[in-house]
Each structure stands twice: as structure tokens, then as C-alpha cells.
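Two complexes follow with chain A in common, the first pairing it with chain B and the second with chain C.
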Partner chain A sequence: MSQSYNRGLIEDFGRWKEFSAGMWAWIFHKFTGWVLVGYLFTHIAVLSTALTGAAAYTETIQTLESLLVVRILEVGLLAVAVFHILNGLRLLLVDLGVGLHAQDKSFYASLALTGAIVVASVPTFLAGVF
Partner chain B sequence: MSTQVPEQTEEESSADTESQSQSAAQQARMEKKRDRAAQRDQQREAEEAEREFSEDGTYLLKVFRYDPEIAGKQEPRFDEFHVPYHTGMTVLDALMYARDEYDSSLTFRHSCRQAVCGSDALFVNGRQRLGCKTQLSDLEEPVRIEPLPHQEVVKDLVVDMEHFYDQMHAVEPYFQTNDLPEGEQLQSRENREKIKMSTRCIWCGACMSSCNIAAGDNKYLGPAAINKAYRFTMDEREGEDMKEHRMKIMEQEHGVWRCQTQFSCTEVCPKDIPLTEHIQELKREAVKNNLKFW
Partner chain C sequence: MAEHYSSFERGGRRWLWQRITAAFLVIVLAFHFFLLHFVHHADEVTFAMSSARMEQWTYYSLMILFLVTATFHGVNGVFNALVNQGIEGTRKKAVKWTLVAASLLLIVQGVRTANAWAGITLLPF
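So, the complex of A and B:
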């Protein structure tokens, strides 16, 4: 047989406009998962300043919390965590075989709920930084 | 091109069955029903008329072309065909028209033209569909027709299905049992109902092509093969020992556990098989078999 033509990567993520709900849920779940793993390292780094003494830890935290960037990142972290939790629950239902025909709706629901929770949290996270 | 269904007259079905003795409520209901039908007809006619005029009766196809054997055609390109539209025209009809009237070198697979043989799974407007089961009127223009993604293109719209068939055969897609039956092997109605959807597979390969995991992991059995395995694993007539044997194949590293429930396969399946549901059920079955509390 003649040599056949391979169309390469353009078939996958180059077609993001054509993705369906389930595919987006998968991508977001992977992404938020990796972000949370990354956060874990910075979390441990900050907490471990307590090893050198209570004062060092307090100072680190106070410095970080006075920065606007950190506050905004915290809102982002909440968004990522909430979506990961909600979609995780959705995947749990999918694994149990419950409501598979409504999997797209449950994805949209978890997105909407994430949005609502994040918006509601903004005043709390940004209070006192300005 | 496609077989035309003879048009039935509406009078036969609804109007004559009414009789004078029917209650007023029933008559009112029938009245409403007729109104709705008339409205629907009007709307459809309007839509058809609009289509007829606004697009001067043709559909624009953009078809993927590639031929490794001819020097000038080795670089993939898209060819445009303006195909005259007729009511009920499918993507396959349009392709056949283009081949017969414009370019006889246009290559694609097709056979039964009624969604049974599974030959003409194509990538139409960004989605795996059966050419013969997809109405042109359901698609936006231009209609972009490509060969199935994640399979190597042999020529134009023809892809190499060898790997797909290998995966299908890997799950032993045939009935087998160690019990010697006494006469007919009857299946209970409930059991038949359970595997009903999974028996519909026509081996078109649309699911495998849509699966992101199968694209990245060549050893992954893929939705079609797992669905095939589900069809026999859940068939009670095969017996417990065969079920165990089948579960052993499914539990392997590149078996059911590769599925990450993206639902892509379920969405593109032209026979509406709930593939993800079947894969998930086999996963649960595998867990139940291996989970021991001792």
C-alpha cells in the first residue's frame, strides 16, 4: 500500500471550537487538577517558614496578603478548587452510572455554580488590600 | 440518488377515521391537531422556498483531497463542489453527485446508503457522522467533508481502518460458551433488553475517531471494541467462566480504565449507542470482581 498522510496535531486541540461539553469538562478538570498540585508546593513553602519561628511566618503571611496580585490569585485559586470539587462530584455520579444522559447539563451547572461562588467571594478576598 | 420514500397522503391517516359519534372534546382536540399540522406544513414550505431561492438550489461542499500516488496531489487540499440540492439529499448523495458529475477521481467508501454497513463515516463540519444518515439541510454551508481524524488517510476520504479492526478483534467479538447447550439457547427478555443497544454497532469507527484517549494511546481498545465486549460480557448465555475471561481482557491496562468519560464517542455514535455508559458499567463490574474484604 502507498504511504498514507498523517494530519498531525491539528486534529486535536486545534479544533477546540468544535469541542462538546464532556470534552471541555475533561480539559478543565485536568487543568484545575494541575493548578492545585502546583499550588500545593507554594502552600508548603509558605507554611514551612513557621519552622524558623512564629515571627517569620507572620511576617511572610502579612507581606503576601498585602499584595493585590496575591489576593487576585487567591480568587483564582478558589475558582479552580470549586470547579474541581463540583466536577469531581459530577464524575463520581458518572462513575456510579447516575444520570449519564444529563452529563452535559451537570457540567454547565458546575460551571455556573463555580461562577456564582467566585463572584460572591470577591469582596471577602479583596477586603482591605486597597 | 438515494431511494425515495413514496409520499403518503395525509387524508388516509387522520381525516377519515373521525366519525360523528366522537365527543366534543375529542373534536376540539382533532381541530387543534389539524391546525398544528397546517402550521408545520406552512413553516416547512416557507423554509424550503427560502432555501431554494437564497442559495440558488446548490450546496457548496469543501472536500478534503489527497492522493499519494500522483505527484501534483500529494499535498492535501480542499476542493469545492457546487451540488444541486434536492429535498432529502444526504451528504453521501452530494458526494456521489460530485463524483459522478464533476470529478471521477473523488474517492470515498460507501455501500448500503442506509446507515447499516458503516462504510461512510466521515468528518463533516467538525463532527464524525455517517454520510448517508446526515441531511444536507441540517448542515451549515459550506459543508466541510474530511476523512475521519486520528486514522491515516489512504486517499481523499478513505482512511486506514486496519487498526480499528485489530482492536475489535482483540476483544473476541463472537459468542462463545463452554457449556454444551441442550437445544436452543434462549435469552431472557430482560437480558436481551440490557444488551439491546450494544448490539447495534455497525463498525463505522466514528467513536474511535472521536476519542481523544484512543488518539493518544494506540493500544487503548477504544469505545467500539469495549462496547462489543460489553455485548458478550453481559450476555447471560455465555456463562460465568466466559464472563470472567472477558473481564480479564477488559481489566487490562489499555482496557476500560483508559476511558476518561469525555462522552465524545456517545455523542457521535450514529446508532445512538450509550458507549460511555457501557464502559462505565464494565468498570464497575471490574471493581466488583476485584474488590475483596478479607
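So, the complex of A and C:
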């Protein structure tokens, strides 16, 4: 008989020491998902300056990109997006029943690969801001 | 030990569509990031460069599909997460229709922006 996995109450943060790899993966996927959907609305809002005119759009983007804090936020966005993509692939495999026995290892692999990609991308993301 | 680890309700469609759109987004989001941060650089973006890309119907149609798919995946993910947390009844309906309205606004605004770059004047506003 099928049975849903009982994750317990996520709001009960006092349980964090008991969380397994799968629980952390679930929390990180939810968190990165909320960030990405929030960013999607912000992204379209910023790009909408194109409706005002060519100069307004170009100036808005170039002004934002000249700010160090924006570049750092972009690195954060990359980290969030890469983790969500890699863990999403892991979830697709879990849903298909592939590699269930290694789902904790694939979570650690997602984290490690996210870290490596983000660190390797930092020079590109910060280029020209200083 | 549970046999069924998925958030899919067996036979349910909401998580199924979430996975189908995910498969598409994995590829297109990676492409989007790579193109706009590594091939081109974000600080070099100009209206003319965005226009040059959007004037190609292949790029325009991919971006419109990207917008619609990402919007669906985002709001459907939020809705599914809230349903999994136990939201029901009137609150569930209110959340659903708020998300539907927000999605429609986002898609209309995204299409208007893409049209501004592509030089298309289909929408009357």
C-alpha cells in the first residue's frame, strides 16, 4: 500500500537537529522555490522599463549592474537557481524511483556541485564592478 | 518505512505538471543564465541587443514559452506547497484565484515587454 512520507511540521524549527538529508533537501527546495518565484515577478518588473523607452531600459539595467550589491545578489540568485535545478533533477529521479537508496548522497552532490558552480562563476558575475 | 516518497498524490495532476514543466525549465533556465551572464554580460545589456534577440521569432517564441512555463511552475509550486501544508476551503480558493490573477498579470506584462523589444504591436495597450 502506498503511504506518503511523513515529514512532520516544518514550522517546528526546534526539530532542526533531527532533520535528515531528505528533510533539508525539501526545506532548501521550498526556500529556493519561493525566492525564484519572487524574483520572477521582480525580473519582469525591471525589464518592463523597456516599455518606457530604449534609453530608460538601458540606463536602468546598466545602473543596477554598476552596483556591487546587485552583483552579489545575482551570485545569490545563481546559487538558488542552480540548487533548485540540481535538486529538481534529483526529485525527478526520486519520483521515478531511480536511485532511491542514494537520495541522501544525491542531495549532498547537489549541494557540492552548486557550491562549485557558484564559486567558479564569481569572477564572471563581479567583472567590471570595481 | 514509507514506500511512496513522492509529493505526487497518485493519479493527481498538479505535481505531474510541476515535473513536466520542470524538465523544460531545467534546460531553458540554464540556457538563459548562460547566454545572459557568460556569453553576453549583464552589465553590457542594451535595448538594442535585447531587441536584436527578440526580433528572431525562434528566440521570441522560446522566451514566451519560458515566461508561461516559469510562471505556471512558480505559482503552481506555491499552491501545491500550501495544499501540502493543509490549506483548505475558502482560503484555498482565495489563494488559487489570487495566484491565477497574479499569473495573468505577469504573463501580460512579460508579453508586452517582449513585444516592445520585438517591435510587435499586437496588444492594444
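What to note about this one:
Going forward, the second predicted complex is superposed on the first by the 119 of 130 C-alpha atoms of A that agree within 3 Å, B and C clash if a C-alpha of one lies under 4 Å from a C-alpha of the other, contacts with A are read in each partner's own complex, and residues count from 1 in each chain.
By our rule, a residue touches a chain if its C-beta (ideal position, glycine included) is under 8 Å from a C-beta of that chain, and two chains touch if they have at least 3 such contacts.
Since we're looking at a predicted model, the values are computed, not measured.
By the touch criterion defined above, A:D95 lies against chain B and chain C together after alignment on the C-alpha atoms of chain A. After overlaying the two complexes on the shared chain, residue contacts for A:Y57 are found with chain C alone; chain B is out of touch. Judged by the touch definition given at the top, the superposed model places A:R15 against chain B, while chain C stays out of reach. Partner contacting the larger number of chain A residues, of chain B and chain C: C.
In the superposition on chain A, contact of A:G33 is made with chain C only, not with chain B. Contacts of A:G128 after superposition on the shared chain: chain C is touched, whereas chain B is not.
Of the two partner chains placed by the overlay, only chain B lies in contact with A:M23; chain C stays clear of it.
Residues 1-6, 22, 91, 94-95, 100, 103 of chain A lie at the contact with chain B in one complex and at the contact with chain C in the other. Every residue of chain A that touches chain C in the complex is listed here, in rising order: 1-6, 10, 22, 30, 33-34, 36-37, 40-41, 44-45, 47-48, 50-51, 54-55, 57-58, 61-62, 65-66, 74, 78, 81, 85, 88-89, 91-92, 94-95, 100, 103, 121, 124-125, 127-129.
Interface residues of chain A, counted against chain B in their complex, comprise 1-7, 11-12, 15, 17-18, 20-23, 25-26, 91, 94-97, 100-101, 103-104. Every residue of chain C that touches chain A in the complex is listed here, in rising order: 2-8, 10, 19, 22-23, 25-26, 29-30, 33, 37-38, 41-43, 45-48, 50-51, 67, 70-71, 74-75, 77-78, 81, 85, 102, 106, 109-110, 112-113, 116-117.
Those residues of chain B lying in contact with chain A across their complex are 66, 68-69, 74, 76, 126-127, 149-150, 152-155, 160, 212, 215, 260-264, 266-267, 274, 276-277, 280-281, 283-284.
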